[in-house]
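As written, the chains take the letters A, B and C, and residue 1 is the first residue of each chain.
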Amino acid sequence: MNTEAMSLQDFRDMLQQMSSDVAGRDLTDEDRVRRAKKAFAQKLNGHRAVDMDTCLQCGMCAEACPFYEATQDERYAPVYKFRPLRRFYRREMSPMRWFYRPFTRDITVADLKEWQHLVYDACTGCGRCDMICPMGIKISAAIRVMRHGLAGAGFVPSEMRIIRDEQRDKNTLFGVGPEQLKALVQKLGTQGINVPLDREQADVMLLTTAIEILLFPDAFAANAKILNKAGADWTIRSDAFEAANVGIITGDDPTMDLAVKRIVDKANACGVKTLLTPESGHAYQMLRWEGANEMGEPLSFDVLSMPEFIAAEIKAGRLNLTPQSNGASVTYHDPCRLARKGGVMQQPRDVLAAMGLDVRETPANRRENYCCGGGCGEFVLKSAAELRQKAFEIKKNEIDETGADAVVTGCANCRVNLMIGAENSGWDTPVTSLVETVAANLAD
Amino acid sequence: MRNDQFLGEYLRMQGVSRRGFLKFCSATASLMALPPSAVGQVAEALATARRPSVIWLSFQECTGCTESLTRSHAPTVESLIFDAISLDYHHTLQAASGYGAEEARMAAMEENAGKYLLVVDGSIPLGNPGFSTIAGISNLDMLKETAENAFAIIAVGTCAAFGGLPRANPNPTGAVSVSDIITDKPIINVSGCPPIPVVITGVLAHFLTFGTIPELDALGRPAAFFGQNIHDRCYRRPFYERGQFAETFDDEGARKGWCLYKLGCKGPTTYNACATLKWNGGTSFPIQSGHGCLGCSEPNFWDKGGFYDPLSAGMWGSRDALLGAAAAGAALGVGSALAARSRKKKAQAAEEV
Amino acid sequence: MTLLEFASGPGLQWALWIFVFGITWRVVGAVFLLARKDLSKPRHRNTVRAGLGAVLSRSTPAHAFEKKIRFQHFTGYAWHFALFISVLFFAPHILFFKSVLGFSWPHLPNTIIMVTAIIATAVLIALLVRRATHPVQRFISNADDYISIFVVLVPLVTGILAFAHFGARYETLLAIHLLSVEAMMIWFPFGKLMHTIMTMPARFQAGTAFGRRGVKA
């Protein structure tokens, strides 16, 4: 079994080969509209209702969206991205629906088709629009409901559908399953890195992602080193290791719930006290903030991202980092779902500073940070390639402005996207991982 | 004075000097907003005018209009006018009474058919003719009868012009104005409660001078006196603009003579000459004396909100109705939300793959 | 009944009734859709503070966005301040509010009100032009947006005209002004003007949702 890290080129080839033409399920137009409406009805609640009834149509959200900024295409205004949802809400669920109905167009299958591009290609759910709205509307949440509707109507883009089906039916992702994890664990064992695989009971359960296993096994190894150094009582399960959740990426609730359930059930069975998410933005969002809601009850364990864990271990004295003396400068790219949507912003910086690195901030940072352009699984979509690259250019310019020697990030998806963007534009600033940097600076 | 005698002749006989007569003519001219050059025309017209017959009918009234008109302490414009007309019938002022008085009225009507002026004060009750009668004749009948051959009608006071106090909610007597009953004669509404005396005499003077009805506004009032509202001519207007208001009748603002808008002054929507001509020979007018304008020259002024409620408070009704509206809205809101939630539940229950 | 009597009497009564009824209906109907309780473990217990914080903080843009939305930010404030001063601090208006609410507050001189009313009108027209010409706003705007501007613009203009006694008889101007305000009150619950009420709950819920995750909304 090949346990070497896949090259970026091979990964890109693999993505390229994913078909963008796989026919979805066979549904009539009426069925699609009905299913979209059902999906909308499932997700509309008091919060979304208040949001939609507050929108001023001021258009400021466009000024926050990297896709609008990169193209000046007004269709990419975030408020427009959930327009069919608003029409549905007004016509069928808003308090004054009887008044609005005669004046509001019903949604059509043509609308849903048209919105597929806006919602999947031109939106990563980064939530920057949430931050600018003077009314405090959670625009990204409404766009997420749009995804849900499009998924229900069978309009998930082909590439995403492929990996969704794979995760749902085979419990693998990009062909990465238990066998691949075991092979990697074995290989790390030969390098002196111990990974306690498949323990029945443990305090800490680590997760990983297919991308980590394929492209960034060093990040996985780094996590193992950190945990071992901190003396944690930990494990990783070959039957519940995949932190990535294609359900949230596509807007497919059953898959979303299923992927979460697999992990939570196993963590409960192992008596886990702390669940650790690897370098992945949406994994943190899914487990830390949405897991309990998916399961219908509070989680019986804490969910921590690696930066939080590392910072806590340093504070407790169980981890020490060697300050670097070369005064290298870095800038930290905040993954949207870890920072703006997750609340983990300070710990990565503290950890980097603890290693003596000169941490420089991009003009837009922390909760206002620019999306890498490829988050939320968008990197698989060929139809989004051009937009992604344009959004990446904005991020690239921000990083260049800092003059930092390297960019560090805490999400494998961001990392891949930054690397692909760099390759496309001939950018030579190194893209590195937080955990790998920490693992390389662990004091004895 | 005989009816066929010229007024000029009559005045001379009364001892009014030429100079006094011309003074009267210039005062009259300026009252009617005529230029100084018109004084000669007024003098000529009045000198050669014949004293017209005037029949004054008093219906549901308080006699305030007559009181206003006759309050004079010395020879004034008002009294001269009385000398200029032949007041052939007036309950308060006439010497005759009983059948004699009614006969005088009928005689005047016959002799001056088509030429006499009918002055009316007080409203006319339509609810029951018995509410107000004169010599056993109902107000309605007497008005119709007397108006038939009149040249024109002057409705003096807000009661005659618009119905006035008796017409106020709930109008128990079914009171109406003169113009509600007579529709085929020219009517000049000289409203006010009471009207300013010189306004009444000014109308008469115009009639004497030109033999015609003066220019009227949309409510039939002489535009010369009712063409501008109190607010625009009020000397306290600068305080309104600067936002200095009396909040109570005895506070610092009241004592300093600040604007009375907050205390219910209806000046902005009231048209009359009070702010310029004033009362009691130009002594004062309500606002100057520290009380807001009641709007007494306007129709329905008794029912246009309280006298002490500011104009902009509106007459929109009760606050309780609004509480009811909120309750109704909340109920509908809950109902619509519950219906939406049930749809949501149904959508969540049926999960297709 | 004259036009003014209708406008300040039954017209106003009905408009106020629909205003209150409609607003309550819409707010309750939206909020009462409710939402499932968030079962995740919050970083901060006291999310109410975060909610209230967002109500205030969203009044100014975050640093990264300042330059981009500068025009809208400043004209938006100019518009709202000018409008509020004209509506809320003109003595005759305050007396009307007192008749509805039962309490009043100090007023400003009329000349200041005249200035702010003219500023408000000018700014609103500028914003209307922007909405019709700026690519994003023009693209996303619909009838509701334009009607909402119109029903506020007419009371402003007619109010200025009535105040200046310009254009027709004062009673007519005043009646038209009142009727235009009544039209606005009737439209209010059904259109975008509801943002006046909704802004608070929307910002508040953003504050609590982000606050529980440790992010300043």
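Just so it is clear, contacts are C-beta pairs under 8 Å (C-beta built on N, C-alpha and C of every residue); 3 or more make two chains touch, one makes a residue touch a chain.
Fair warning: this is a prediction, and the values are worked out from it, not measured in the lab.
J.: Report which of A-C and B-C is connected by more C-beta pairs in contact.
T.: Higher contact count goes to A-C.
J.: Taking each chain's centre as the mean of its C-alpha atoms, which one lies nearest the mean of all protein C-alpha atoms here?
T.: Of all chains shown, the one whose C-alpha centre lies nearest the global C-alpha mean is C.
J.: Using CA atom averages as chain centres, what separation in Å is found between subunit A and subunit B?
T.: 80
J.: Using mean C-alpha positions as chain centres, tell me how far subunit A is from subunit C in Å, no decimals.
T.: Taking the mean C-alpha position of each chain, the two centres sit 38 Å apart.
J.: For subunit B versus subunit C, what separation do you get between their C-alpha means, in angstrom?
T.: Going by mean C-alpha positions, subunit B sits 42 Å from subunit C.
J.: In subunit A, which residues are in touch with two or more of the other chains?
T.: 44-45, 93-96
J.: Specify, in ascending order, the residues of subunit B that touch 2 or more different other chains.
T.: 332-333, 336-337, 340, 344 - these are the residues of subunit B that touch more than one other chain.
J.: If I count partner chains per residue in subunit C, which residues reach a count of at least 2?
T.: Each of 22, 25-26, 28-34 in subunit C touches at least two other chains.
J.: Report the residues of subunit B in contact with subunit A in the complex, numbered from low to high.
T.: 332-333, 336-337, 340, 343-344, 346-348, 350-353
J.: Would you pull the subunit C residues touching subunit A in the complex into a rising list?
T.: 22, 25-26, 28-36, 38-41, 43, 54-55, 58-59, 61-65, 68-69, 72, 76, 134-145, 189-190, 192, 194-195, 198-199, 201-207, 209-210, 213-217
J.: Could you please specify the touching residues of subunit C with respect to subunit B in the complex?
T.: 2, 4-5, 8-10, 12-13, 16-34, 91-93, 95-96, 98-100, 102, 107-111, 165, 170-171, 174, 178
J.: Provide the residue numbers of subunit A that touch subunit B in the complex, in ascending order.
T.: 35, 38-39, 41-42, 44-45, 92-97, 253-254
J.: Subunit C touches which residues of subunit A in the complex?
T.: Per the stated touch rule, the residues are 44-47, 49-51, 53-60, 62-64, 68, 72, 74-75, 77, 79-80, 83, 93-96, 99, 103, 130-138, 288-293, 295-299, 302, 339-345, 363-365, 367-368.
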